[in-house]
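Below are two complexes that have subunit A in common, paired first with subunit B and then with subunit C.
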Partner chain A sequence: MQRLKRRDLQPWQDPKAKPYIHLEGVSKEFGGHVVVDDVTLSIYQGEFFALLGPSGCGKTTLLRMLAGFEAPSQGKIYIDGVDVTRRPAYDRPVNMMFQSYALFPHMTVEKNVAFGLKQEGISAAEMKERIRDVLHLVQMEKFRARYPHQLSGGQRQRVALARSLVKRPKLLLLDEPLAALDKRLREQTQFELVNIQEEVGVTFIMVTHDQEEAMTMASRLGIMDHGRLSQIGTPNEIYEYPHSEYVADFIGSINKFEGRVIEEDSDHLLVESEEAGCELYVSHSTNAPIGAQVKVAIRPEKVMIATSPPEHQRNATKGIVKDIGYLGDVSIYHVELSSGKIVLATQPNLVRLAERAVTWEDEVYLFWRAENSIVLSS
Partner chain B sequence: MIHLPSKLRRFLSTPLWATVAPYGWGLLFCLIPFLIVLKISLSELKMGLPPYGPLVEWVEEGLLVIRLHLGNYTFIGTDSLYVLSYLEALTIALISTVTCLLIGYPMAYGLAKASPSVRAPLLMLVILPFWTSFLLRAYAWIGILSPHGLLNTALIKVGLIHQPLVLLDTHFATILGIVYCYLPFMILPLYASLEKIDSSLLEAAYDLGARPFQAFWQVVVPLSLSGVISGSLLVFIPAAGEFVIPELLGGSQTFMIGKVLWNEFFTNRDWPVAAALATVLLAFLLIPLAIFQRLQERQVRLFNA
Partner chain C sequence: MHRTLSLFLKIWMTLGYGFLYFPILTLVVFSFNASPQVTVWHGFSTQWYGSLLQDTVLIRSAFVSLQVAVLSATLAVVLGTLAAVSLVRFGKFRGRGLFGILTTAPLVMPEVITGLSLLLLFVGLEQTFGWPKGRGILTITCAHTTLCMAYVTILVRERLADMDLSLEEAALDLGARPLKVFTAITLPLISPSLVSGWLLAFALSLDDVVLASFVAGPGSSTLPMVIFSSIRFGITPQINALATLIITGVAMSVGIAGWLMHRRR
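Now for the complex of A and B:
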């Protein structure tokens, strides 16, 4: 099998690429309550796609519709060009790894993995070979005769993965795959899952509420909010260029300044903001007309701190250090501006705590580069 | 608050008390009565009160004599009436148990799958018959099954039959009565075991390509086995010794061992033979109990480890 490397795989950039999984205007209602609202989404072969959102945002329902456990109220689902919208779960080239793993407690590891192959009625010899290969892939050969209750959480997760991969699905769905593991194991498993995905080349769609997990593992993310897809993009795009306030708030923390557009051109935007105490210069265009109320956002790690004033007037303000959160590798400074607004600025701890220049109640200057700020739509 | 002596209080608060209590109950109301029955079954029939002879006797010159009359047991073996009654009781109990299982399983499955708001009233309906006397409910079937009873009258009125069917005083009526009376004992343990099964297991089976029946057969049935076994035992054991239902509905041609036992005790007043019959019946019932125990242990191992 050809190994697909993450960096070579950016089919969404290619206008000629054909989507492998395609959702067209998919909606789901439960008793008049809209859980998934008009989702249109294209996923390409070999992708590791993550659906990210808080609980109740409809991401699990969307996954269950792909698996065939729920039928959409509206819209169509295509897998490899075939309309599977009305196909039952047992008749789809899709497998799912459940959050609880859903291993059959009355079957050994081997029987659990064999279950799906038995339904296909393939020969005993081929079955044996495929089970051996997949148990080797997840490093569980030694545990083939064990029952699920005799395995640790991490081992169960591997068996669940093997059980769904052995079917060689066109699409593998993962429902909060790491939620049942402890933190240390979760971090280790993240990379392992990505490696396995690259090795088998199967398209993965993962549902998670953990942004760090999604950012680390996925090739692209879809951020969901109240049943709608707010934004789709690579982890980098989502973090650096969130389209909306919701996405910006959901991924990491961000400083936001309210203001009014006073100058607009094809390559920049100038915003007057009392809250920030300076003019905000954003070096990319938006559709905001002059006079419009907008929010300009800047990530804390992009805000620089200095004890002397910077050379430029725009994107530069000053305030008093109210709090310092020491996290070891970085410190988070809470700086209060004259408007009362608290701005967060993250600085790497290049020198030891006792030797650093800025401390509580110091007056400091904050500034950032024009290309690092973004304009958010609310 | 009542002030208990500290020693007693300590005893009551220890978990030991919790383990001793059920054993004490079993000893007092199960083992001791059984030993009395066993003793009677090994003694000699005697006119008088009690209607059996002593087992242990002091004879002159300090001689202690223990007399075990195994004759009661050999008598049971030689008389075909008893052998046939055992077989009939076990056969009727088996047919009733299987029937209960076939009716009870879909009902229990439906209950387990029902939404929580519907489940409570449905469970209530399963338990509701217990609010009426068992005897009355068995008796009511006479009114339904007799030649001029509700069922025959209705069938004749509809024109399906012209002569009343012989329903009462048959094996059919006995089995019907047993199934009717013991069905809740099948449904409740089945429901308890089916309700415990995680619904994602069934979804996982579908997801892996199993059609609904395959998923049911390969996942739900094996996981509900403990419910099947305990439900079956709860029906089979009392049904095998059942006296009231065959007496009321089975007529003179139904010779279930419970009826025969009753006759030995109260009509023949042959307590030793009756006690021997009861002991043999218990031995028959211990076999399925032992099998059950083994299977139950296996299930517990699978789920609770």
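Now for the complex of A and C:
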């Protein structure tokens, strides 16, 4: 089998590519309360798509509609060109890995994995082979005779994955797949899960509230907010070019300056900001007219710190170091500007703590490159 | 925090439990009495257990009781499980609250009233439809089922409510149809409460005298009814022996039921 590498797979950029999973205006109401609001989304074959959002944003309900546990109030769901909107869960080419793993406690690992195949009525020989293959894939062959309560959290997660993969679904849904694991194991499992996904080539849709997890694992993310999809894009696009303040805030931390547009052209935008204490030059255009109030954002790791003033006037300000968060590999400097605004700047710790040039209450200059700032709509 | 009870509380506790269990203890002890007098100890003997086996009336009534208990416990488990599943798994259907109350109402209904109303029902049915012909094991079983089903419903309902719903969803997701999900996943997982429900129902039916007295017919007296009527002619050590056997049986089934309910996987 040709193994698809993550970097080669970008069907969403190909206008001729046909979506494999397609949601068309899907909404869900529970007793007059709109949980999922008019979601239209296309996902391509072999993708690892992550739905990311805070709890209560409707991401799990969306997943449950794909699995067939909830029927949409409105809209249609297509899988591989077939309308499955009204099909019951047991009749969909979709499998789900539950947050609790939902392993059947009265069955061994092998029986758990076999359960789905038994419903298909395939031959005993094929069943045996497929169970063996899938247990090999998740490295659980040795534990086939164990019961779920005899397994560790990580092992249970593997069995749950095997049980849902053995059916060879067109789509695998993962509901917070790593939430039940401790931090160390989670980081290790992230890559394992991605490798397995690449190996089997099944389309994955994962729901998570953990942005790091989503960024690491997914080929594309969808950020959800109050039942709506705020933005869809690759982890890089979402991080570097958030469309809205909500998305910018949700992924990582970001500095935002309020200001007024004083110059606008096809290749740049100039914003006057009292809060920043300087003119902000943004090297991409938006449709904000002159005089409009906008927010200009810059990621902390893109902000540079110096003890002497930089050459340029724009995108450069100064302040007092109020706090330094030492994280080992990097330090986060909290710098207070004359407007009272606190700006975060992340710097790698290239030298040891005692030798560094900037410390508490120092006056420092902050500056950044024009192409690194973003204009946010509110 | 570990606290030892004061002497006062210890005395109260001893008195309280003594009041409850001392009579039962004497009953058990005197079942091994050599004398036919119930109140005077004359040495150890198991003769009354032997003479129990000779008493055809008692043996027959014991057989009636067992038959009724097995039948009504089984029926109660089937009906109670159906009721519990519909209460817990079928969402908020119309009349669900009322259904829940009606199902469990026999728990608090005075047995005299339940018994009397059932008697009137059976008599009325016989006069109108000619069925059931007279009263006997069938009518006692029906009466006991109504009572026992309430207990089973509560036990199974608790178990179902505790059960992770995603287990059933996972089975559906893996391609099992709803009936298959019920038999392959739900039933095995609630089976401890089914067994304990059966045992509880069995014990309830075995020692009921009120309901049975109302709906029993000639020749279908249950064991508790026979005991109850025999004490009017004075207590014999034979009754003690029988009571000891019943206590043992009931204690065992309730004990097993409790153990099954609290057993954690």
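Everything that follows uses one rule, which is that the second predicted complex is superposed on the first by the 378 of 378 C-alpha atoms of A that agree within 3 Å, B and C clash if a C-alpha of one lies under 4 Å from a C-alpha of the other, contacts with A are read in each partner's own complex, and residues count from 1 in each chain.
What we mean here is this: a contact is a pair of C-beta atoms (placed from the backbone, for glycine too) under 8 Å apart; a residue touches a chain by one contact, two chains touch by 3 or more.
The structure presented is a predicted model; accordingly, all values stated were derived computationally and were not measured.
Undergrad: Would subunit B and subunit C fit next to each other on subunit A once aligned, or clash?
TA: Here subunit B and subunit C cannot both sit on subunit A without a clash.
Undergrad: Please work out whether A:Ala370 is in contact with subunit B alone, subunit C alone, both, or neither, and reply first, second, both or neither.
TA: After superposition on chain A, A:Ala370 lies in contact with neither partner.
Undergrad: Please work out whether A:Ala102 is in contact with subunit B alone, subunit C alone, both, or neither, and reply first, second, both or neither.
TA: both
Undergrad: Applying the document's definition of touch, where does A:Gln150 land relative to subunit B and subunit C: first, second, both, or neither?
TA: Touch status of A:Gln150: first partner only.
Undergrad: Going by the contact rule set out at the top, does A:Arg163 touch subunit B (first), subunit C (second), both, or neither?
TA: Both partners, subunit B and subunit C.
Undergrad: Touching A:Ile332 in the superposition: subunit B (first), subunit C (second), both, neither?
TA: The answer is neither, since A:Ile332 touches no partner chain.
Undergrad: List the residues of subunit A that touch subunit B in one complex and subunit C in the other.
TA: On subunit A, the overlap between the subunit B and subunit C contacts is residues 67-69, 88-91, 94-96, 98, 100, 102, 104-106, 115-116, 119-120, 149, 163-164, 167.
Undergrad: Which of the residues in subunit B come into contact with subunit A in the complex?
TA: 198, 200-201, 203-211, 214-215, 218-219, 222-223, 302-305
Undergrad: What residues of subunit A sit close enough to touch subunit B in their complex?
TA: Per the stated touch rule, the residues are 67-69, 88-91, 94-96, 98, 100, 102-106, 115-116, 119-120, 147, 149-150, 163-164, 167.
Undergrad: Help me check something: in the complex, which residues belonging to subunit C touch subunit A?
TA: 164, 166-167, 169-178, 180, 184-185, 188-189, 265
Undergrad: For the complex, which residues does subunit A have touching subunit C?
TA: Of all residues in subunit A, those touching subunit C are 67-69, 88-91, 94-96, 98-100, 102, 104-106, 115-116, 119-120, 149, 163-164, 167.
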